Each structure stands twice: as structure tokens, then as C-alpha cells.
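Just so it is clear, A, B and C label the chains in written order, and each chain counts residues from 1 on its own.
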Amino acid sequence: MKWLPVVRAVRVPWALVPFVALVGAPVALALATAAVLSVRDVAGRPSLAAWRAVLTEGEALGSLALSAFVATAVVALALGLALPLALALRDRVRRGIVGAALHAPLAVPAVVAAFVAFQLLTPSGIVGRWLVAAGVVGGMEGVPVVVNDRWAVGIVLAHVALAVPFLVLLLAELADSERLADLARLARTLGAGQRAVRWRVEVPVLLRAAVPQAALLWVAVLGSYEIPLLLGRQSPQMLSVLTLRTFERFDLADKPKAFVLAVLYALAVGAVLAVVLRRREAS
Amino acid sequence: MSFLSVTGLTRRFGAERVLDGATLAVDEGETLAVLGRSGSGKTTLLRIVAGLDTADPGGPGQAAGSVVLAGRALDGLPPEARGAVYLSQEPLLFPHLDVRGNVGFGLRVQGVPRAEADARVDAMLRELDLAPHAAKRADQLSGGQRQRVAFGRALAVRPRLLLLDEPFGALDAGTRTQMQGLFQRVARAHGITALFVTHDLKEALVVGDRFARIDAGRLVTYATRAAFAADAATGVADEVAFWTSLGEDAP
Amino acid sequence: MTARRLPAGLFAALVVAACAAPFAVLALLSVADGWTFSAPWLTAWRLGRWREALAGDLASSTALSVALSLAVALASTAGGLATGRAVARCRHRRAWLWMAYLPFASSPVVLSVGLVVWWIRAGWAGTLGGVALAQLVFGYAYGVVFFASFWTPRLLAYGDLVRTLGGSAVQALRLGAWPVARSAAALCLAQTFLLSWFQYGLTLVVGQGRVSTLPVRVFAYVGEADAGLAAVASLVLVGPPLAMLWLNRRLLRVGMGDGG
């Protein structure tokens, strides 16, 4: 089908002016400001001290490592749960009470998820009480510590709880758009049994199609703030928490370090997004 | 003086010259069939005439070419003030309007009084055998019916110029032949002046009164049908040779 | 996969229960009165907490959040519709889309660190308008990304058709494109509303603690270790998004039925 070619030079793109003024300029300014202020000391003199401090002190590298670990764990666990759910539920994902129930968690913001997770998972929380009541543990000291803990278990669980319903809905849509049922039928005619259809067709097709969204989820978790703020330890902290805490410190000499963290974060995420965008455009 | 006069139209996209000094003339009530492959610049030509795109200067210090319709220069006029209706391969029927609403759409936007608009729509529906389908929506019509509705919508506003961009390209062979015949009948009945662009040689020969060929942005016009057929670049001779050879091979 | 071995009904019930659990926890906490460790269940209720909470600061925070999110959503959708169309028609479409993705290259909190420097200079930090402008950076960008793919060549061709039939540019938008754009605009409105409604970190930094939106209020109650009030505020916070989601699902179902 041939369409009217709409690619034409926009001679006076007036409709783009507010976009530049309200989005492009502020973002560019913010990123440029962070970059410039990251190479100046408190007195405004050029200095790489903040960069040296951030890259050599354990805190920033620890934060980066923790953030990457949490983001990776969340994506892996969430996909690991969502994939079998989506394949098991199939069309029920879109209709009836199951469909409605899966949409409900999309209404829960990170701040509420953090609060609920805290109330559930803290040693004196609801789960802890049930463990004590059931006789599984003797008292609060026996309840596993998953909040403000070393391995950020609570942070991972809270993010996974938020991500799984979204991923189930996404995978159900992808199963349609990738024509999974047709591919499975084809595989059967080629001699594949049920197990082979599941592991050689359905799972790889869905995982491949989900990569861009999984990458965006990874980026979102990497930069998350509210959940690690409430459920994380004092050290190491996840990137956004550390960045803001550094920025708000009483010692002004710490401010350039916050800008260094902001630049590092933007570079890392920019690289991931560039790959995702290229892949999207190619498909 | 010609009814439609196009002089020296040039259009560039980056380094590529999509149109290169295109010049043509069409008399009133005449259909100029423009033959060209995909990417030859035919759509760009129609869009500039319609006012949906603007021509570039031909060269440093040169003007951007001109389009004159019924003695009036169209340069700088917005599309709605030109009296030139554009029809593409896709009928683009409005999904929220029925056939009657689609045919009367142009009359509504131009503020034609209700009674007059209704009368013109009714007449058009009868002429195009669409009256039985007046209350139907686009998804209830066949491809040929949709294209007829698009025609009716264009003709209802009594355009000075009809710009047809491969309007039958998406139809099957039988429907396509029917629509070519319909176009000829309607064009004659209404004295329509038209630029009909196509990549189909046979279609060009059927619908055209005069002919042109466009290739890599350059336009060549022919004074007569014979001159068009005689030019090897049009492919008429090859077509004739092919059909003739089939007849020779027959037992 | 173990899900298959469970009866279908039980499996579905487990899924529904898991999704409903956060709301059940919030509802319980919002009416719990002195739920001490190690009681596994509520021993005392306090329904009056809702009345007290809504009569206090929570009501003003809710009103503030509604007004702020509506304003940001309207501006983002209108801007996204117009700018998305310009981007779709533009030769350098990809470059403009990159600009639209740019805010999301940094988390709102991290971006706010660079943004607040300029907001302070402009006198916008700590003001409602300043917070709205900061949120608009994300909302407007989202709207552009949303509508850049909405304005397909086909939809743009409708506008051109209306022009050649004698309609003005405004009529081309109103009569040619708006009937199709209506439901998409409603979707974008809902999604940009939620973007603003949920926003915490950016609001905190740019608002300098002086703009108490609902998420800020929730965190304040959490900081005060008032789980009951935090639960009430959280339920108020998730109310409109639940309504929006329901509306979204209805619009999606209607949109699929139209077959555009």
C-alpha cells in the first residue's frame, strides 16, 4: 500500500519550539550543569578531585555494584516468574477477574510499594508475626532480616512484586504480536512435542521479544529511589539514594561528588537506552 | 492559454532531486496521464500542485517554478483555496462517517447550505451507484466501493482540478478495469480536468487524453498518443511485441 | 512448569490473591489500632482514622496532587499531540525522538540534582509552579514519544485530504484527525496524569520540601512511623490510578472494537 510521502523538510517547526524550551533545554542544562559542576570544586575552580574521590572511594563503586546487582536480580526473577505465569494464564490475562487483578498492581507507585513491603517484611512486620504465630520462629530475633539487609532482599522483592504483573501483561501482548500460537502449531507439525514447543519455541520467542522492555525495566530499577530509600541500608546505597544524599550533605565539598554520580548514571543509562532504541528502530 | 500550467518545478530531498524542472500544460476537461515508476517523483509533483508541499528554487538566484490554474497563480495559496482535490491509492474514508457523510464531507467543511449539500450528495450517490450503500460505513464496503465513495467525495465539491495518485493501484484487475471505465465516464460527464498518475501503462492509455512520462524527476510530455506510443522509453512497443508474440505462439 | 499441575481455578485464585494482597494490607493498616508484635491479626479497629486524616493535611495534599497532575497531564497531552505531529512529519524524526527519550536517560531524582540549580536561580524552586514545570519535562517528553508513533502517514494523509477538499488547517485537525485521536489522547492523558501523580523524588528535590503532594505526604507519615496514617494516604494515592486503569481498559476495548 503506497502512502503519501510525509517526509518533508519542516521549514519553520513552530510546534517544536515549546518542546525544545520545556524539555530539551532543561534536560540539556541539567546534564551539562552536572557535568560542569562535577569538574569544579566548591570555590568554582576547575578540579578533578570529585571524580578521583568517587572513582577511588569504595562508596560510589559499591553503590554502582549494588544498583547493577539489584537491577539484574529484579529483571531475572521477575521474568522468571512472569514467563510461566503468562504461558499458563494465556488469554485469561486479558479478561475476567484475573485480568482485572493483574492490572491493579499497576496502580501502586514505588512509594506505596516500599511502605507495604516494609510493613510486611520488617522483622516486626506482618510476615514476622505470622511466622511467630505459626511457631516457625521463636520471636522477632528469629525472623529472617530482609529489610535494610546486606543483600537488598527486600528491595529486590518489592521491585519484583511491582514488575511481575506488568511483565505478565506485556508477555501476553507479545505472545499475540509474535503469533506464538501459530509458531507452536507449526512446531508441532514439524514433530516437536509439548516440552520442545515450550522450551524451543515459546520461551525463546517471548524472551527475545521482551528484551527491549526488560532493558527499560533494568534502567528503571537501577535509578529507583523510593524503594531503596526505605528498604535499603545506610551503606552501600543505591545510586539515586546516594546521589541525593551526597547532594544534600552539610559539607559543601560533597556537592561536586553528587554531580559526578549524576554524570556516571546518565552515561551508563544512555548507553543502555541507545542499544534499546537502535534495536527498536531496527525491528 | 492552458487551463493548468506547471512551469519549472524542482524539489530536493537532501542531495536528491526528486523533481527537476517539471513543466506541463493541461487544457480544460482534459486528463493528462503521467506514467512513471515508484520513486520517479510523480507523487511529489501532485503534492506541490495540491499545495501540500512547496517547490525549491531551480538553482541559485532562480525562482521556485510556478503553478497556474484557470488563470490564477497558486503559489502561496493554501491547499483549501486552490480548488484541487487529491485522491490517493488509499481511499481514506472517515471511519466515523457513513457513505453519505463521507461524500458530503467536503461540502460541510466549505459551508455549503444544508439543502444544497444534501441534493448534491444524493445526485452523486445515484451517479456512482452508491445509493443502496448510503448508510454503510467504510468497513462494510468492498475495495471498489470505497474508491467510488472517495471519488464521490472529491467530485461533490466540484473541483477545478482532480489529482489522482495511482487511485486504482490497490484493486484487483477486474475492479480496476471497472473503475477506469467509471473514471472516463464521470470525467467526461463533469468536464473534469485531471492529472492522473500511474505506473501501469495500459491504465495510462485507457484513462488519458494526453500523456507524459516522468523519470528521475524529469518530465517529458507528448503531443499525441502516437508520439507517446512511439517513444521506446514508454514501453508501449515492448508491450505490443509481447502480446503479439503470444498470438504467434498460439496453435 | 509447576503452575500446570495446580487446578486452574486454584491457580487463578492464587494470582488474584497475590495481586490484591498490597491493597488488603493497606486497608488493614488504615483501620488498625495499636497492632503490636506478635499479634498475628488486628485486635482493635479505629475507623475514625479516615475521618481524622481526611480532615487534616491529607485533604490539602490530595487536592494539590489532583490539581498538579491534571495540569501536567493536560499540558503534556496537548503538547505531545501537536509536537508529536510535527516530529512525525519531520525529516530529522529520529533526532527529535532522541530528545524526547533524553529525560528518561536519567532517573527523575538524578536529573533533579542538575535541574534544581537552575530552578533556584530562576526562583522556581520550592514553588508549585516550579514543581509543575519540572514534572512537565517528563510528561511532555512522554507525550511526544506517545504521539510520534500515533501520527502515522495514514493519519497525516487524512489531514492533507481535508485540506484539498477545502478545509482549513484547523478543520483538518478537528474533523480529519481528532475523531481518531480522541481515544489516544484520553490514554495519554491518563498515563501522564499517573506520571505526575506518582512522582516523589523530583517533587521533593525541586519542591525543597515545601510542596506537599500526596506521595510526599505518604513518605512523611512513614518517616513519623505512623503506619495507620501512611496506609490511609497510600489508599488515597492509589485510588485515582485504579480508576484510570479501569478507564484505560474500557477505552482499549472500545478502541479495538472501532477498528479505525
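For this structure, a couple of remarks:
In this section, contacts are C-beta pairs under 8 Å (C-beta built on N, C-alpha and C of every residue); 3 or more make two chains touch, one makes a residue touch a chain.
Model, not experiment: these values are computed from the prediction.
If each chain is reduced to the average of its C-alpha atoms, the one that sits nearest the average of all protein C-alpha atoms is C. Each chain gets a centre from the mean of its Cα atoms; the one farthest from the centre of chain B is A.
Centroids of chain A and chain C (each the mean of its C-alpha atoms) stand 17 Å apart.
Centres computed as Cα averages put chain B at a distance of 47 Å from chain C. The mean-CA centres of chain A and chain B are about 52 angstrom from one another, to the nearest whole unit. Residue positions of chain A touching 2 or more other chains: 3-5, 7-9. Counting partners per residue, chain B has 13, 47, 52, 86, 88, 90 as the residues that reach two or more other chains.
Among the residues of chain C, those touching two or more other chains are numbered 91, 154, 157, 160.
Against chain A, the residues of chain C that register as touching in their complex are 1-4, 11-12, 15-16, 19-20, 22-23, 25-26, 29, 37-40, 79, 82-83, 85-91, 94, 96-115, 117-118, 133-134, 136-137, 140-141, 144, 153-154, 156-157, 160, 197-198, 200-201, 205, 215, 218-219, 222, 227, 230-231, 234, 237-238, 241-242, 244-245, 249.
Within the complex formed with chain B, the residues of chain C that make contact are 91, 154, 157-158, 160-169, 171, 175-176, 179-180, 258-260. The touching residues of chain B, counted against chain C in their complex, run 13, 47, 50-52, 78-80, 82, 84-86, 88, 90, 92, 94-96, 105-106, 109-110, 139, 153-154, 157, 163. Residues 3-10, 13-16, 18-20, 22-24, 26-34, 37, 84-85, 87-89, 92, 97-116, 118-120, 124, 126, 128-130, 132-133, 139-140, 161, 165, 198, 219, 222-226, 230, 239-240, 243-244, 247, 258-259, 261-262, 265-266, 269-270, 273, 277, 281 of chain A touch chain C in their complex.
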